[in-house]
Amino acid sequence: MKTPELINFLKEVPVSGREASVLEKVYAFVVRDFRTWWTYKLWVSIDILGTLMFVVSYYFVSKIVTTTSLEAAGYGTDYLTFAVIGVAFQQYVFSSVSTLSESIRGEQWDGTMETILSSKTNFRVFLLGESVFRFIMGSYFLVTALLVGEAIGVKITTNLGSILSAAIMTMLLITSHMIVGILSAALILKVKEGDPIVWSFSWLTQLFSGVLYPLNLLPSQISWIGAIFPLTYSLDGIRRCLTVEATIFSPIVAEDIVKLAIFIVVSLPIALKAFKAAYDSTRSDGSLGQY
Amino acid sequence: MGLSSMNTIEVLSLTKRFERKDDGKKRPFAAVDSIDLAVEEGELFGLLGPNGAGKTTLIKMLCTLILPDEGRALVNGFDIVKEAEKVRASIGWLHGETGGRALYWRLSARDNLRFYASLQNVPPDVAEKRIDALLDFFDMTEEASTLVKDFSTGMKVKTMLARTLLPNPPILMMDEPTVGLDAATAVETRKLLKALSTDLGRTILFTSHNMFEVERLCTRIAIMNSGKIVAIDTPLRLSEISKEIKAVEVRISEIADSKILDLFQGLKGVQKVVKTEIGEDYSLIQVQVEDEQEAIATMPEFLQEKGLNVISIQRALPTLEDVYMKLTRKST
Amino acid sequence: MSVSSILGLFREEAPRLKSTFRQIYAVVWANLMIFFSYKYSVITDLLSMAASIFMYYFMGLQVDPTQLSSRGYGQSYIAFALVGVATSQYLWICLSRLSHVIQHDIRGGTLETVAVTQIKMGVYFIGQTIRGYLISLISLFGTFAVGLFALGVTLQINVYTIATTVTTFLLMIVANQAIGFMTAGIVMVYKRGDPVTFILAGLNEFLSGVLYPLELLQQFPIVYWMARIFPYTYALDAMRKSLIGGATILSPDVYFDLTMLIIFSVVLLPIGLKVLQRGYNVIRKNGTMATY
C-alpha cells in the first residue's frame, strides 16, 4: 500500500461500536497468557514433575516425624496430610502472586508495559487481567498436588460440606493474596527490582503461618506474628475442613473466616491506592517503561 | 578475484544459508550468497541494502560471530574461521542494537567501558586515558558515573560508540553508527570517522540507511540485495548509473493525494511516479518519463487543465537514493 | 574534546596487554557490581536464608531423634538439615547459574559484544561461574552462622573435619559444575534450558537426602539407586559424616564417598567442557548467538 492510499484509509471514519467490557478484556489477557504458556509445553510437564517431587519428599519426612504437636493443635495425627496441605496452599498463593510480579517485571523488560497502560485499559483491569491466568494455573497445580498426595497416603475428607467450606476458605485465601500481589506490583513498578514484598512474604509465611509445623511449636514471643498473615487463618481453616471435617459453621473456622474478611475489606482499598500512586508516580517521573 | 595481502578485508565467495518457514515448510535461503569483496586499508566503505539484504550477517561473519558455510574471508590478513582470535584482536564492532541493550544497564558508562577495555586487553592506564577522552568527545563526562539504565537512547548509542573506538583497532565494523544521535553529535561522529580513515589509515566498514551520510563519507559503497552485492563503486560512479533514469520533478501547490497521483500516471510518456514529498503547502512529485524535454514542455499545461497549480518543473538530479532504489527495485 | 585531540590520542601506539587473570577479574567484578546494585534482593536473599534455617529448626522439633541417631546422623535434626540446606544452594549454582547467565546475555545482546572481544568464551564462562560461587559464599557462611550461633547447633568443628568438608565441597562443585557446563551448552543451542536445569537440580535435591535420611528411600529400590547417580548424594553424606560424626579424610566412612566424587569429576568435567564448546560452535554455525 502506498502512502496516499494509507492516508485515505486512515481518514475513513472508524466503525463505531461499544467498548470492550471488563470481562472481555480480562478474557483477552487470559487468552494471551494461555497461548504463551502453551508454547512452553515442556515446562508444563516439568512443573507437574516438580509438584510430584515436593509432595513425595514430605512423604519421606513424615516417616521420621512424631505427631504429638499436631494432635495438641487439633489437626489429627497425620503429618503428611498436614504438610502437603500447608505446602500446597502456600505454594499456590506464593506462585500466583510471584508470577504476577514476574509478569509485570517481564512487561517492563519487554517494553510492553507502556503499550498496555497507554491503551484504553484501566490499570485495575490490567492488574486483574495479569492475575487471573496465574491463579487458574495455580489452581491446576494445587489440585494436582492434592491428587498426588492422595495417591501416596494423604487423607482428605469426602464430606461435601467440609469440601465446600474448604473451597470458600480458598476463595478468601486467593482474594487476600491478590492484595499482596497488587502491593508488590506497585513496588516493582516504582523500584524496578525483583520483588522484596513477595519474597519477604514467602519466607515470613513459611516461618509463621504454620506451613510445616503447628504454631504451638513457636515460642510465645514470636508466635503472634502469624496473626498478621491471612495464610495463617486460611491454612488453619482449610486443614480443619479437610482433615477433621469441620465446616464454616464450626466456631474456629468461622473465626478464621471473619478475620480473613476483615483483612480483605481493610487492605484491598489500600493496595489499589498504593498501585495507583506508584503508577502515577512513574508516569510523573517518566520511568514507566524503564527496567 | 583471489585473496591478496594488499587489502585489509578480503572476501571470496562467502556464503551463509539459513532456514525459514515458507508455507509451513522449512526452506533454505542464502542470507549471504557467494559474495566477493575487497576493502583496502584506510577505506571508509559503506554497505547499503534494504532490511534483510544480508548486511548484518556479512558483518557478523567478518567479526567471527557467525561461521560461514562456504567461501573464505581474511580480516587484517587473518582467516575468519581458522584465526578468529587474531581477527578479533584487529577489530572493533558496533552493535546494530540501537536500544542500547547490548550494554550493562546496571553499570555506569565508565564501568561499562572499563569492563570492555579489560576484555580487549587494553592496558589499564591507557584505558583510563582513552575513556576520559572519549567521554569528553561525546560530551558525557558529567554522566560518566550514571547507570546506563538512566540514559537516553542517544547517550546509550554514544556509550556504545565509545566502547567500539576504545581499543583503537585497525578495522572498525559498524552497524548504523549515527542512528539515535542528535544532529550535532552525528556531525562530529562523521568527522571523527572520516579523520580516522584519512589521517590514521583505519579501515571502516559500516552499514547505513542514510544516503546523505554514505554519499559524503564513503570512498566506496557496496549495495546489497537478497544476499548479493548488486553494485560496488565510488558514490560518484554509482550515481551515474541513475543517469539512465529519465525523470522530472514537478512542484504543485496542492497536497498530492491518490487522485492527483493517478493523474500523473495517466500522462502520456510517464512511466511511473518515483517519489512524492509532501510539504505544508506544496507537493513535489518525481516521475520517470520517456523523454524529459517533452515532459517539461507538455506536462504543466496538462496539469493546469486538470485544475492543478504548477509551481515549477525541472529535470530531476540523480541521487544515490535513485541508484539504490533502482538496484533494489523498490519505490516510495 | 575535538576530533584532532582524539586523533592525537589514537595515534599513540599502545600494545595490548594479554592477561587472562585480568579478564576473569573484570567479569567477576562487573557482575558483582551488578548483583549488589539490586539492594533489595541482596537483603531479602539474606533474610530468606536465615528464615529457612529457623523454619527447619521448628520443623525439626517434631522429628523423632532416634530416627536420625539409629542411622548415624546424631540426634539433632537441625544439624542434619543445616548441612544439606547450606550446601544445596551451591548445587543450584553449579547446575543452573551458567545457563541463566547465557540466556540473560543472549536476551540482552551482551553475549555477542563479549564474543567479539579478545576474551576466550571459556574464560568468560569461568568468570561468570566464579561470580556465582562468591555470591553464594555469603549465603553458605550465613546459613552456618545462623545455625551455629543463633540456634546453638553443635557440629564437629576442628582442622581435620573442616579440611575434609572443604575437600568434599570442592569436589562436589567440580562434579556438579561439569553437569552445569553440559546444561549451559544445551541451553545455548536450544534457547530453553529451564526445564532441563530444573529437573536436574530439583531431582538432585529431592533424591540426595537434604531433608531426610537417604536410607528412607531404600523401600523404593529404584528411587534409592537413582539417588546414587548424583554426585551431590555422596558429597552430602561425606560432609554430614564429617561435621556431625567427626569423620575425616582418613576415616573409612568417607573413602567411598570421596572416591565416587573423584570419579564423577574426572569423567564428567571433560564431557561438560566439550558440550559447552560444542554448543558455542553450533550457535556460531547457525548464526543464532543473538536469537532467543
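When the chains are written out, they are named A, B and C in that same order, and each has its own residue count from 1.
Just so it is clear, a residue touches a chain if its C-beta (ideal position, glycine included) is under 8 Å from a C-beta of that chain, and two chains touch if they have at least 3 such contacts.
Worth saying up front: this structure is predicted, and the values here are computed from it rather than measured.
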### Message
Looking only at C-beta pairs that count as contacts, which pair of chains has more of them, B-C or A-C?
### Response
B-C
### Message
Of all the chains shown, whose C-alpha centre falls nearest the centre of every protein C-alpha atom combined?
### Response
C
#### Entry: Centre-of-Cα separation between chain B and chain A, whole angstrom
50
### Query
In angstrom, rounded to a whole number, how far apart do the mean CA points of chain B and chain C lie?
45
### Task
Find the geometric centre of each of chain A and chain C from their Cα atoms only, then give the gap between the two centres in Å, rounded to an integer.
30
### Query
Multi-chain contacts in chain A: which residues touch at least two other chains?
none
### Message
Using the touch definition from the top, which residues of chain C touch two or more other chains?
### Response
38
### Query
Which positions of chain C touch chain A when the two form their complex?
38-41, 43-45, 47-48, 51-52, 54-55, 58-59, 61-64, 67-68, 77, 192, 194-195, 198-199, 202-203, 206, 211-213, 216-217
### chain C - residues contacting chain B, complex
1-7, 9-11, 14-19, 22-23, 25-27, 29-30, 33-34, 37-38, 108-110, 112-120, 124, 281, 284-287, 289
### Task
Over in the complex, which chain A residues touch chain C? Could you list them?
40, 42-43, 45-46, 49-50, 53-54, 56-57, 60-61, 63-70, 79, 191, 193-194, 196, 199-200, 202-204, 206-207, 211-213, 217-218
### Query
Which chain B residues qualify as touching chain C in the complex?
16, 18, 31, 57, 60, 63-67, 85, 88-89, 91, 93, 95, 97, 101-104, 106-107, 111, 114-116, 118-123, 126, 129-130, 133-134, 136-137, 147, 163, 165, 167-168, 188, 191-192, 195-196, 199-200
